[in-house]
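Take a look at the structures below.
Across the two complexes that follow, subunit A remains constant while its partner is subunit B and subsequently subunit C.
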Partner chain A sequence: MDKIKSFFARLIRKDVFKTLLTSFSCALVGLLIGFIILLIVSPEASLKGFKTLALGFLDVPTKYGLRLESFAKTLTRTAPLIVSGVAILVAYKAGLFNIGASGQFTMGVFAALFMALVWHLPWYLCMLGAVIFGGLYGAIVGVLKAFLNVNEVISGIMLNWIGLYFTSMIIKQNSTMWDSIKYETIPIERVSPGSLIPTLGLDKLFNDYKYITIGIFIAIIVAVFYYIVIEKTTLGYKMKATGFNKNAAKYAGMKEKLNIVIILALSGSLAGLSGALLYLTGIENWYCPTNVPSMGFDGISAAFLGGLSPLGSILSSFFITHITIGGSRLDTSFYSPEIAKVVTGVIIYLCAFVLFIKDQLNKRILKKDRELGLELLKPNDNGDNNIKEETKEEESIVPNEPSLKEEEVNK
Partner chain B sequence: MLLLIQYTLIFASVLSVVAIGGMFSERSGVINLGLEGCMVMGALAGALVMSFIPETVPGFFVVILTLLASITTGMLFSMLLAVAAIKFKADQTITGTAMNIIAPALATAIVKAITLNTGEKKATPYLYYIQTHEYFIIKIGSFELNWFIILMVLVVVAACIVLYKTRLGLRLMSCGEHPQAAASNGIDVIKMRYTGVLISGALAGLGGIAFINSANSSWPFDSGVVGFGFLALAVMIFGKWKPINIFFGAILFSLFRALGSVYTGFEFLKNLEINATIYNMLPYIVCLVILAISSKNSKAPKAEGIPYDRGMR
Partner chain C sequence: MEEYKIEMLGIRKEFSGLVANDDITLQLRKGEIHALLGENGAGKSTLMSILFGMYQADKGVIKIDGEEVNITDPSVATKYHIGMVHQHFKLVEIYTVLQNIILGVEPRGFMGFIDMNKARKRVTELIDRYGLGVDLDAKISDITVGMQQRTEILKMLYRDNDVLIFDEPTAVLTPQEIDELMEIMRGLKKEGKSILFITHKLNEIMAVADRCTVLRKGKCIGTINTSDTTIEQLSEMMVGRKIDLNIEKKDPTIGKEVLRVENLVVADKVHKKNAVNDVSFNVRQGEVVVIAGIDGNGQSELVYSLTGLSLVKSGHIYLNGQDITKVSVKRRNESGMSHIPEDRHKHGLVLDFTLSNNSVLELFEHKEFNTLGFINQKNVKAYTDQIIENFDVRSTQGASTISRSMSGGNQQKAIVGREISRDTDLLIAVQPTRGLDVGAIEYIHNRLIEQRDNGKAILLVSFELDEVMNLADRILVMHEGELVGEFEYNKVTRNELGLYMAGAKKDEVNAIKEGKNGQN
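Right, the complex of A and B next:
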């Protein structure tokens, strides 16, 4: 019993665990609020509705491999969201809020579709084009921020709209891209099958669901790559230093202006890649929406729900796609699919409290430790990856890993 | 030409009211990125009153009730930001973004639930208020104005007086510049910040109903307020957080926005044969260029976005 207790005592002091705990509680409360909304809208259908919403593909009948297909669909849509989440958090680590990710996503979609439909290039070149286009578009925000002091949130939003109108204008004028009868872009499959991301036989595993591609692996590789960049490289260190204290970073000899441009370009290139990962699967055609696409904003959800870690955003992206697909399956004679969006919105809202929750958690741990007479403990060595949080913890002098021995000695 | 002025005034009435709301919030030290969300919720409440109020109610009361509903709902929704940012010291940017995601989704869900319950077969995100829409219009010859334009003038004048001439305004500004110094003079920073955010919510709610009501008699709520809340933020920054500058900024921006809607009425513009999309892009590009020129020595409130910490020096 004591062993279990001390195991938990140690576990709760791990930062990873704290993040997981807070993210899970945010998700749970979000779902609960979703349930309340379902209950208000239509009490009699609410239980069934909640099951559909929360279970996502697991609620699909297994007959004819439908559930497997739905799972594959979830994976296909998770891939771009992971990358989009990484795009947001890369910038956020440097203290930049890249709300322009949606515009960079649009540019990525545009580049990928243009290269696929007009030039019939192979998929990896289309993807590269999307990365470059998104990156350049992100760099505009960076240049405006670094050299002209324009707030990145405002310029990002303006560029979202400019990008949307710009791409619509070009695509709609180009009859090799635009199907004016169906009012969407021509399917890539029809003109240039080589531009679709290969499936490498994955479709055979998923009941011949043809949109499942190696995109999900690309997304995971990108997430792991950025995890390493942020944690283990000089660039990652510079990023975090700039985000933590711009002036100190400058004083330490970092070119903070150049860093801002590079980071926003990186973030933009990821947002662009996210566009390629979605539209080069052929799962949907671009219909030149009149409103800014939500992928960039969903990336914000993924990043924050994932505790601002690239690895966390893999999990959170899957969860968000999961309930979005659940929402799209809601019985439309009772509910609208937007309810899933409300749930994600509530979850992000709660994520803003993460620091507060962690603070409270730390205070409780501190109190517990005081009771046990363990004020003087070992220094912080839990491998915390967020500078902001580290200092927060240093401020409140929270012991992070009391060793088992000391606890036993005190008993 | 008349149409251009009319549209400019309509857009300006929305932008300046919302931007001044944002200004109050930022002057008190809280960034209200959720203006867009507050607008949507305000618009929803107002539109609901306008669609479902009995026809026997006289026009004047319809106007008053609609405005009250919008303002209150805007304020209530902005409480989400106020509580998170002031009480729990949460990240204001994320909170605002979350509000912008929640509002259009929630509004669409509500409208769809209502249309389903009123016996329609298929859920639509549209609300119609064709009858009551008329009450808001003032006609001078062929020139159509609405009450919101008069409200805009009132709000601009009131904002100038409140901000620079009253105790409340001066205290509010001090909380956005240096809250600890303000607190040392006995000002309740928390209360001031709540006031700032609530004013922004109220004005955003008002702007929301002004936006969907000014030129339309129905509105699809799944498109939110098509980014006007963000435009208002840009206008606010362009106006250097000063009511009068914001007013002129809003007029300038609205002129370009209106041009996109009515350019076909001008022979020489029509003859240029520029793609219509260019006109849609124009206000955003102009805004970006103006920001790029004017942001170099931007005078943002010093303490905006930083949670108030009593113990900090």
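Right, the complex of A and C next:
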């Protein structure tokens, strides 16, 4: 018994395990709240509805290979989300919140569609175009941040809209791209099949589901690649140093301004790639929405639910796509179509609590360690160290005195 | 039976298993100056926090005027007329002295408006009574630190506080201002106020305190009359062993010039004047040049411009004969400069990095640690282990300890170790011992001197006169962005230095400068 206990005690102190634990519990709580919402809206259909939601493609009947098709669809839509999640976390590791990922995604979609529909270029060039376009668009945010001190969230949000209307303007005026009757872009398949990401026979595996492509592998490779970049390379080291403490990065001689531009360009290029991975499959056509596409925002959830690890975001992206597809299959005679979005929205937003829960977990572990006489973490030989840290924070003893810190006043 | 103003009896406080205060007894007599002595982390702050009701003691009682009281929160402490001057003042910079004094307890007049005349009358009375001359209508941002401290004292007096607590009050003052403060404290004592004086400076205790309570590692070592003790005894009580901060050092063997600064001007970020104004000096191999001065006289800006963290307005910086005025931080690092920064949390460390990642902060792109863009973790760890061993850096998990979890002293040792290990021609150290306990200070001082004896050039910026006198081969005094004096280490007294630091001798210096120019 003690053995199991100590094994668990050691396990829970492993960072990977902590992340997995918190992510899973968040997903579970999200599903639970989703269930409660279903219960409130329509009690009699809630169990069945929950089953549909939670099981996703597994709930689809196997008849005629429908389940296989649904699985393929989940994979197809997972791919861009993985990359979008990596886009967010790459920036986040460097202390930047790239909420402009949606705009960069839009630019990526635009570049990919333009090169496919107008120039009929092969898929890899279209993809490269999306990467470059997204990257350049991300670099704008970076330049504004680094050299003009514009907050990346503000400029990101504004550029989201600019990108959206700019692309709509060009696409809608271009009859080689825009089908004004169907009010969406012309299917790539019709004009330039070579611009679609190849399936390499995957469609045969999935009951001739034609939208499944090697995109999912590209996404996984990209995630693994960025995992290595962040953890093992000097570039990742620089990124993290800048993110944790940009003053120290500057002190150490890193070009922290250039780093910001590079990182946001990288993040943007990933968001652009995410756009290409979705629209170069032909699974849907771009209808020039009047709202910023949600892929960039979903990437935030994927990144956080994945514990801010590229590998984690592979799993989290699959989960998010899974319940999204489940949600879209909810019985509309009991639930209005929006309910699916509400439920998945709640689940996705709960995912953002991962860091919070992890933080709490860390605090508890620390406390336990101290109470247990610090069996696992040997204390410093000069035991007063921790007290020092603690008392320092409390140094300012202000009895009922309205006071302002110097810095605050200077501001 | 003796009459005590405040008694803290058998106080014990734990923080999740760690004992910060262990059975501490502190008795403050009416009308005495009582010093509370201890190193950083000895439990002084915790004890005061308990007195102020920020924390509740786990055990022990607090008595005020012989009656047991329960101080549940800071407002209760205020009710018992306990006041405190913090180390970092709590003043509103854009308000005048008078406005700051009455802040929170403004006298109300007609229709609830503030009755400034009434306030002014009372404050003026207090000033006359205690001899605390200060210009009531000056803005806080325009007056000296010494005057700001007087404002804080007036704040306490205005609130009729009988118990005045001074938290390290002399850390920011010049020697002259310290003498004045001592005088003020004696005056307050004469008027019947009880003073608790928190410090780790022994000579001040001997000068002004009646009794002294010593804490060490959360325990009360004892209370003694200062008339019955010596500095040596106090220091041994505080540290637990004999400490000798007076370093025996050889005469310097001076080599060629390493750093030369010519007519350097650095703009001030906030004000219109120059933070560093026309500064020229040099540092040679094998010597420690110390820039003395009070905090905020342009030292930080000078160092930032030397190390490339901020831009230079005009002038030149030469390192080993090469002009590095406009060169990037990285190039400066590579051409032989290392820098122990003033603020170890802001610049010195990436706190969320492990110790090993921090120890290659400047070197990670170096061949040894970088194979085709990949970090060579094996070499990094070996390098870190070496620093840990050479510089006695203590941590829970060695090289893989997250820096944030280490104590301040060990963080500083890690930085000092990292910078010295780079073995550069020039080492710039700013306040390398700030906030450290005596043992760590001794250690770092010795390592700096060792570097000097190895023929390195060392530029040290320090606000502590003891440190200046101990380490310097040559002393430059900085005041309001200008160098106002240069001395060989044994050709100047502490008092003289103090006068230069306060800018009192500036006119003389300028006269000499002009005279020189005239001759040329």
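As a working rule, the second predicted complex is superposed on the first by the 335 of 411 C-alpha atoms of A that agree within 3 Å, B and C clash if a C-alpha of one lies under 4 Å from a C-alpha of the other, contacts with A are read in each partner's own complex, and residues count from 1 in each chain.
Please note the rule applied: a contact is a pair of C-beta atoms (placed from the backbone, for glycine too) under 8 Å apart; a residue touches a chain by one contact, two chains touch by 3 or more.
It should be emphasised that the depicted structure is a prediction, and the values quoted were computed from it without experimental measurement.
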{"item": "First, second, both or neither for A:232, with subunit B first and subunit C second", "value": "second"}
{"item": "Contacts of A:255 with subunit B and subunit C, given as first, second, both or neither", "value": "second"}
{"item": "Subunit B versus subunit C as contact partner of A:161, first or second or both or neither", "value": "first"}
{"item": "Which of subunit B and subunit C A:292 touches, first, second, both or neither", "value": "first"}
{"item": "Touched partner set for A:96, first subunit B, second subunit C, both or neither", "value": "neither"}
{"item": "Which superposed partner A:244 touches (first subunit B, second subunit C, both, neither)", "value": "second"}
{"item": "Touched partner set for A:320, first subunit B, second subunit C, both or neither", "value": "neither"}
{"item": "Subunit A positions touched by subunit B in one structure and by subunit C in the second", "value": "none"}
{"item": "Subunit B residues touching subunit A - in the complex, by the definition given at the top", "value": "33, 80, 84, 88-91, 93-95, 97-102, 104-106, 108-109, 112-113, 116, 123, 222-224, 226-227, 230, 233-234, 237, 275, 277-278, 280-281, 284-285, 287-288, 291-293, 295-298"}
{"item": "Subunit A - residues contacting subunit C, complex", "value": "232-235, 237-238, 240-241, 244-245, 247-255, 367, 370-371, 373, 377-392, 394-404, 406, 409-410"}
{"item": "Subunit C - residues contacting subunit A, complex", "value": "15-20, 40-43, 45-46, 48-49, 52-55, 74-75, 77-78, 82-84, 86-94, 103-104, 167, 217-218, 270, 307-309, 328-333, 339, 341, 346-353, 357, 361-362, 364-365, 370, 373-375, 394-397, 406-408, 410"}
{"item": "For the subunit A and subunit B complex, residues of the former touching the latter", "value": "37, 41-42, 97, 99, 144, 148-151, 153-155, 157-162, 165-166, 168-169, 173, 290-292, 297, 300-301, 304, 332-336, 338-339, 341-342, 344-346, 348-349, 351-353, 355-356"}
